[in-house]
Amino acid sequence: MSDAPVLELRNVTKTYTVKQGMFGEPKPLTAINDVSLKLGRGEVLGLVGESGCGKSTLAKVLLGLEAPSSGEVLVDGERLDGQDRRKLARRIQPIFQDPYSSLNPRKSIADIVSLPLRVHKVGDAASRDRAVREILDIVGLPARVMNTYPSQMSGGQRQRVAIARALIMKPEIVICDEPTSALDVSVQSQILNLLGDLRQEFGLTYLFISHNLAVVEHLATRVAVMYLGRIVEEASVGELFDTPRHPYSVALLSSVLTPEPGRGVPDTQLGAVFPNPIDPPSGCHFHPRCARAMPHCAQVAPRPLPTPEGHVECHLYDDSRGRAVA
Amino acid sequence: MSAAMPRATATAAAPRDPLLEEITGPTPGQMLRRRIFGHQGFLIGTITLLVLLAIALVAPLIAPHDPYAQDLMSRMERPVFMGGDWDHVLGTDHLGRDYLSRLIYGARVSLLIGGVAALISGLIGTAMGVAAGYFGGRVDMVVTFLINVRLAMPVTLVALAVVAVLGGSLEVVIGVLGLLLWDRFAVVMRASTLQVRGREYVAAARAIGCSTPRILLTEILPNILNALIVVVTLEMAHAILLEAALSFLGLGVQPPTPSWGLMVSEGKNMMLFEPWLVLIPGAVLFVLVLAINLMGDGLRDVTAPENRS
Amino acid sequence: DKSDDTLRVAFTKELESVDSYYNSAREGVVLQRAIWDGLIYRDPVTNEYVGNLATSWEWIDDTTLELKLREGVSFHNGEPFNADDVVYTVNFVADEANGAVTQNNVNWMESAEKIDDYTVRIHTKAPYPAAIEYLSGPVSMYPNEYYAEVGPTGMGTAPIGTGPYKVVSVDPGKHFVLEANTEYHDGPKGQPEIGRIDIRTIPEVNTQLAELFNGTLDLIWQVPSDQAERIEQMGDFVVSNESTMRVGYLAMDAAGRSGADNPFTDLKVRQAVNHALDRETLVDALLKGKSTPIHTACFPSQFGCAQDVTEYEYDPEKAKALLAEAGYPDGFKTEFYAYRDREFAEAIASYLNAVGIETDFKMLQYSALRDLNMKGEVPISFQTWGSFSVNDASAMVSQFFKHGELDDARDDEVLADLDIADSSTDPAVRKEHYALALQRIADQAYWAPMFSYNTNYVFTDEVSYAPTADEVLRFHEMSWK
Amino acid sequence: MLRFILRRLGLAVLVALTVSFISFSLLFLSGDPAIAIAGEGANENDIAAIRKLYGFDRPMLLQYWDWLSSALRFDFGESYYFRLPVADLIADRLSVTMILGVCGISFALLLAVPLGVLAAIRPNSIIDRVALFLSVAGQAMPSFWFGLILIVVFSINLRWLPASGAESWRHFILPTIVLGYYAMPAIMRLTRAGMLEVLSADYVRTARAKGAPEGLVLFKHALRNAIIPVVSLAAVQMGFMLGGSIVVESIFALHGAGYLAWESIGRNDLPTVQALILVFSLFYIVFTFLADVLNAWLDPRMRSS
Amino acid sequence: MTDKPLLSVRGLTIDIPVASGTLHAVRGIDFELMKGETLCIVGESGSGKSLTSLALMGLLGGRISRRASRADFDGTDLIAASNRQMRRLRGARMAMIFQEPMTSLNPAYTIGDQLIEALLLHKKVGRAAARDRAVALLEKVGITSAASRLGQYPHQLSGGLRQRVMIAMALMCEPDLLIADEPTTALDVTIQAQILRLLVDLQREMNMAMILITHDLGVVARIADKVAVMYAGELVETGPAADIFNAPTHPYTRGLINCIPVPGKTARGAKLGTIPGIVPSLVGEVTGCPFRTRCSEAVPACRGEIPVRTRHAGRQRILCVHEDGQRAASEVPA
């Protein structure tokens, strides 16, 4: 993990303009707010956070589907926007959340999986056919599905097709945006196992976005916790799960309901008010819900503080408050 | 009930487990076929339309008379079922021309106008709608504004005015209708494109590196096609009815071209005395438009079952 | 109905203005005859001129007509009728700047001059023998004070005249209610008998018929021949047919204004067109009634409308032969324009098609067609002309063959004859030269005159009325049975 | 809210301007209006004089500008045909069209909404099929033909209703049916689809789970939501209807604005046609605007933000 | 546990006519529930959980038919009850909350209206009293400044708040039974924990019985007294929560529990257990064990009649041909 990062975000901000209701005026919505992030080769970076905090937006920026409003994205140290989109596409591929909408219903599985080859004009028809069979086999689908259509498949099978499509060009980085959240647990574990196997086999780097902390813990090597467009804590998976620092990370961890009977439902100690991303709270965005909020949290935005294996953004750990970093 | 139950057989071959079937469902094609043949309205509409289309195509072969041959001495002869003779099965019109032959040739006019007008407006509207839906922003603003302008123009009135200025003829009527009826295409295509654009497979295609035209052609278009076809049928019906109305008001296709609207208009004067002159072409028009609408409605059900109850 | 002494009448066309100088419609003439009076009156049956608002008249010289006015006549608003009214009316309408739409009816007058309260002189621009006819027709007398105050627009919405009927209300274009003028002077029109006339505009013939059958209309006119025939068969209504002066003809571009290569520049082609038309059948099967086949460029009853000109009988074979001779053995294709009577036009086009003249039918509004016509872009068209019911050949043939913008023949010989005929005061000279012109027109087949029109009047058997041949409803001649 | 209304109004004005410009330029292509004014039987001099008098020899943009600036003062010029101010003429005719439009839309709503609701309550039932048939037939029925048939049946054969005119309410029955029936299918389908959607919505299930009686569920919880798009459709349809009453008015001899438009086209009465196109589009614009406002009022999601 | 159960269901069967035949969505399930007890029904998507709950409430659409040899709610036969009877039960004695808080509230009315309606439909109280109760309940479900919230429309609230409103609405009449159909699936994890806690607290306080439907075994483990595992329309295993999690017996239950990674227990990056294959179609006749196509313990006998086996003194019931859910070494796999 000491090598140069394959993927790096530098102070990336993405702002949308949204209109609320019919009479609303357009207002800026900062979906990602000055985020810096590094992804080392072979790493699995888990990205967790509440719905609407900007995880998917981050994924889209990385994929080049959305241009950042400011900041830059570097792949292997090169700026992304200067690169040929198609070149980028060979290196970064996505797997989306909804296996039902991520496959074109009008195309056969063979068409869907071979699309990257055709777009990039790789090989001839016969070699493409071979490549498709090969990759289908790798993701655990029988070759006979080649001539079927997405509507004929189950969710898990579709997600396998999506994975096959993402991997057929042998990319380095795969961005998984909640790849299992639409699937039943019995299928989820198949997909997770598959992703784990593929990582081994192809030496892939993952950005793994999920709601499900248990899954993240299982798969990730590093974890970034996002809240309202900011990465509030980043750490190795062991560090985060053993000693979460940010109160939000703490709350997230304590909300994980493991199948252990008799332990009851934990108290997360979070307020019930969900902040409006268009009009985020002042100071530390998290302060209205924070059980350990201090008066100045409402005024001053915290700055990133280094931790042994990452960083945290919280006044609790700010030197100026006299608190030592653990 | 138990007919489908597997019976333990003595044969060595392992009996197939019924639960294993249907792991892969029917193909989209099979499903479509199943739905088509299960949809009465669609079948009736389509078959009627095909029959009318066939009649229009082979009009010269099946028309018993020259639709233009006038015989002022045998004007307004009644159809057979009203006591006329078999020479003119549906009677003759006010200039003694064979009504049946004119109806048969009239099918050509209606279908031609409906088809070409829908084609023209379909091209315009689809291009605008897809562009607006896919690119959004300025393009969308301009297209939406144009749609607004178009909707605010009273179609019948503007069509009448333009036809009055340019003189009625098949080409003018087709052109005017084609240039006026694109609004629904634009609206529907815009909405459909917006919907499809948000699907993840479009994002996936972009992430793969597909070019915009390729995405439009292979990812977007096939998925808005069914909506498009439905609008085509609706607008075809609309164009046919508008042409008939224009002709009825005397500003559509010009005589002696046998247009059904014109026939109603010409028969209208004698409506009190020879109502069949109006009833027959009107009914044929009704049947044609009904068939197209049934087909369109059916198509909507058949191609997009998710929109159904 | 007789029961409420109200005659309900339908007009087909929306009348633009009731002011008779500002409309050119038949309906306008009908109202004009009811609301206003002319100085002179022509008996529609005997065609004799008698005094109306004038009691006597006399040509002082070629261009001056002196009239003695009737005394004791007053307008509907009480304004007395005298020389001032005549002078004002004539001077107003004769002034082109005032924009009377029917200029033909008035532009022969130079001015009027008051001699005394009941004597006026009308000065014509040139010797104008038809003056008496016009004074007994379209030129009606308006109240000077009122007209000066309200102008044509006011007159159109609240007309005031001396006529047998007063206007109760005008809903422009839609609805007109008239009431008998109980103080109507003892003129040649006689006293009105029906108390109230209620006129509505109903554009649809079917609707008119439906209302007639329902009893909500008492009289309709201009009923198409087919319907009139059927109503007659029903037997419940009086159907009366009268001929009109309107003549239907084909105008051809003999002068080559729409292109020198235009086939109609060839005499043989024009003759072929004339031979292609079965006038008898058109009249018998389509027009019916009192229509007649026409061979001259005027209506037979018109003064000077000679009838012994060349006639072209129906002979499609000959037509084809003539076309072949002219170099069109397979016929040719041409635009064919019309502006009214679509079914007649269709039938005519069909006759042309039968001899090989393939027509590209264009039905235009009158104004659009006239626009094209004036620009000389019409190779052949179906036209009609009603001569404003003026019983003089000048009202037709001279309108079209004197090298005006509508003249597609541009024949100098014809022009010369018409000039003489139009300006001469000697009836014999006029007759002779009209005959020469008409003969030349027929020989050259500049037109293909076809038929005269007729009008059907249908009314309930409560109504007693004898329609006249000039296509004018005269309410004052109607009465209840 | 105010901002929204202002923006919406701005858009409306822009649309109206564009429409008026398009119609103006379209009609400018038409035959020489001077001839139309002069009427049948005028000679060349008359026509030339009129051309000058009315300024038809000037460039089109100039003429448009003149027309527009006076139109803003509700002065649409004088009808070439009637020689009356176009504004008066239209004002006079509009009442009939408005009555017809209101009756038509009411008829359509009265027929379509209950049918749509019934059809949605029992999908695939007889009622649903009948409603569907009525709507498909309504879409396919040429309105001129339908009008003629109604006249034959009700005015001629049965003699129940007058065939034409606008004297009493009875005169409006047949035209209302023809015009309303034309607008009915769209409204019915939307009601049906809306009701179907709403009836399967979670909040309707919630209402049922509360133990609400079926009537309350249908009318308080379902219809209220399903009717929102119907209201705006009805407003839009009404806008279309006023512009589309040409055929109906001409068949039933209702001297409304639609009939005036048709006749004016025939008479080349440009000022009237132009003004009518503008008026009809203004109606559409106003009605869609009202529909939006009404929608916003009915739908709390739009009311507040 | 000597009193008679609040709810007792035997042989509940639900059939849905579909284009290609009859969908036997729920096939003869049995369970019962005591006052104040929490039953969790867990199972994969499409296994029939929601249908079961709707069938109890009498809210299945007209086309769907339900049968049961017994469906007794505190003395009322839920299947035979008339519409009126059901209406009086619904909302008053058995209440329900749904999965989607975003769409379960009527967008056209204020939440006050909707809360008050719930009470007025069943209790003869004045509006003012109903209002007071609404405010009190909103406060109870943790909504601050409750009185001012009454005038708000659903769209003005976030998902978590809406679900709280839904809960308050369900509790307006103090029901004996609360059915919650995946009440937290659409919510974020932190909010899920809050809502579940709230539900558990309220249930204790009001001594309600609760049926909680979910597919999240974590949730089940934390709040269930009793668990019913549903697979393809059948309850393949039912029993006390502790037993089910500590000693899962049915192959499906075992497979399910093995599928989820448990922080701290499952080794990071290690292989998770899987259940291969997919849920079978239930259209047409379904015989034998529906899980046999995915079951590693399947034997030919799985196609036949499946016996009900009870364990742990009748507290745990499983549907399996194997006594203990495991194939004996001597048996041949199917």
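Things worth noting here:
A, B, C, D and E label the chains in the order they appear, each numbered from 1.
The working rule: a contact is a pair of C-beta atoms (placed from the backbone, for glycine too) under 8 Å apart; a residue touches a chain by one contact, two chains touch by 3 or more.
These numbers come from a predicted model, not from an experiment.
The minimum number of touch steps separating chain A from chain C is 2.
Across the two interfaces under comparison, B-C and A-E, the one joined by more C-beta contacts turns out to be A-E. Distance from chain A peaks, on a Cα-centroid basis, for C.
Compared with chain E, the chain whose C-alpha mean position is the greatest distance off is C.
Per-chain Cα centroids separate chain A from chain D by 53 Å. Centres computed as Cα averages put chain C at a distance of 91 Å from chain E.
With centres set at the average Cα position, the gap from chain B to chain D is 24 Å. The distance from the centre of chain B to the centre of chain E, each centre being the mean of the chain's C-alpha atoms, comes to 49 Å.
Of all residues in chain E, those touching 2 or more other chains are 278, listed in ascending order. In chain B, the residues that touch at least two other chains are 164-165, 268, 271-272. Annotation for chain C: residues touching 2 or more other chains are 206, 210, 213, 364-365, 368. Chain C contributes residues 14, 16-17, 22-24, 96, 99, 101-104, 152-153, 156-157, 171-174, 200-204, 206-207, 210-211, 213-214, 216, 364-368, 370-372, 374, 388, 404-405 to its touches with chain D in the complex. Contact residues on chain B toward chain D in their complex (touch as defined above): 41, 145, 148-149, 151-158, 160-162, 164-166, 237, 241, 244-245, 248-249, 251, 261, 264-265, 268, 271-272, 275, 278-279, 282, 285-287, 289-290, 292-294, 297, 309. Within the complex formed with chain A, the chain E residues making contact are 44-45, 142-144, 158-161, 164, 188-194, 196-197, 200, 215-224, 241-242, 244-246, 255-266, 268-276, 278.
Chain A makes touch with chain E in their complex at residues 50-51, 154, 156-157, 184-190, 192-193, 196, 211-215, 217-219, 237, 241, 251-252, 254-268, 270, 272-274. The residues of chain E lying in touch with chain D in their complex are 57, 59, 83, 86-92, 95-96, 98, 100, 103-110, 117-118, 121-122, 153, 155-156, 166, 169-170.
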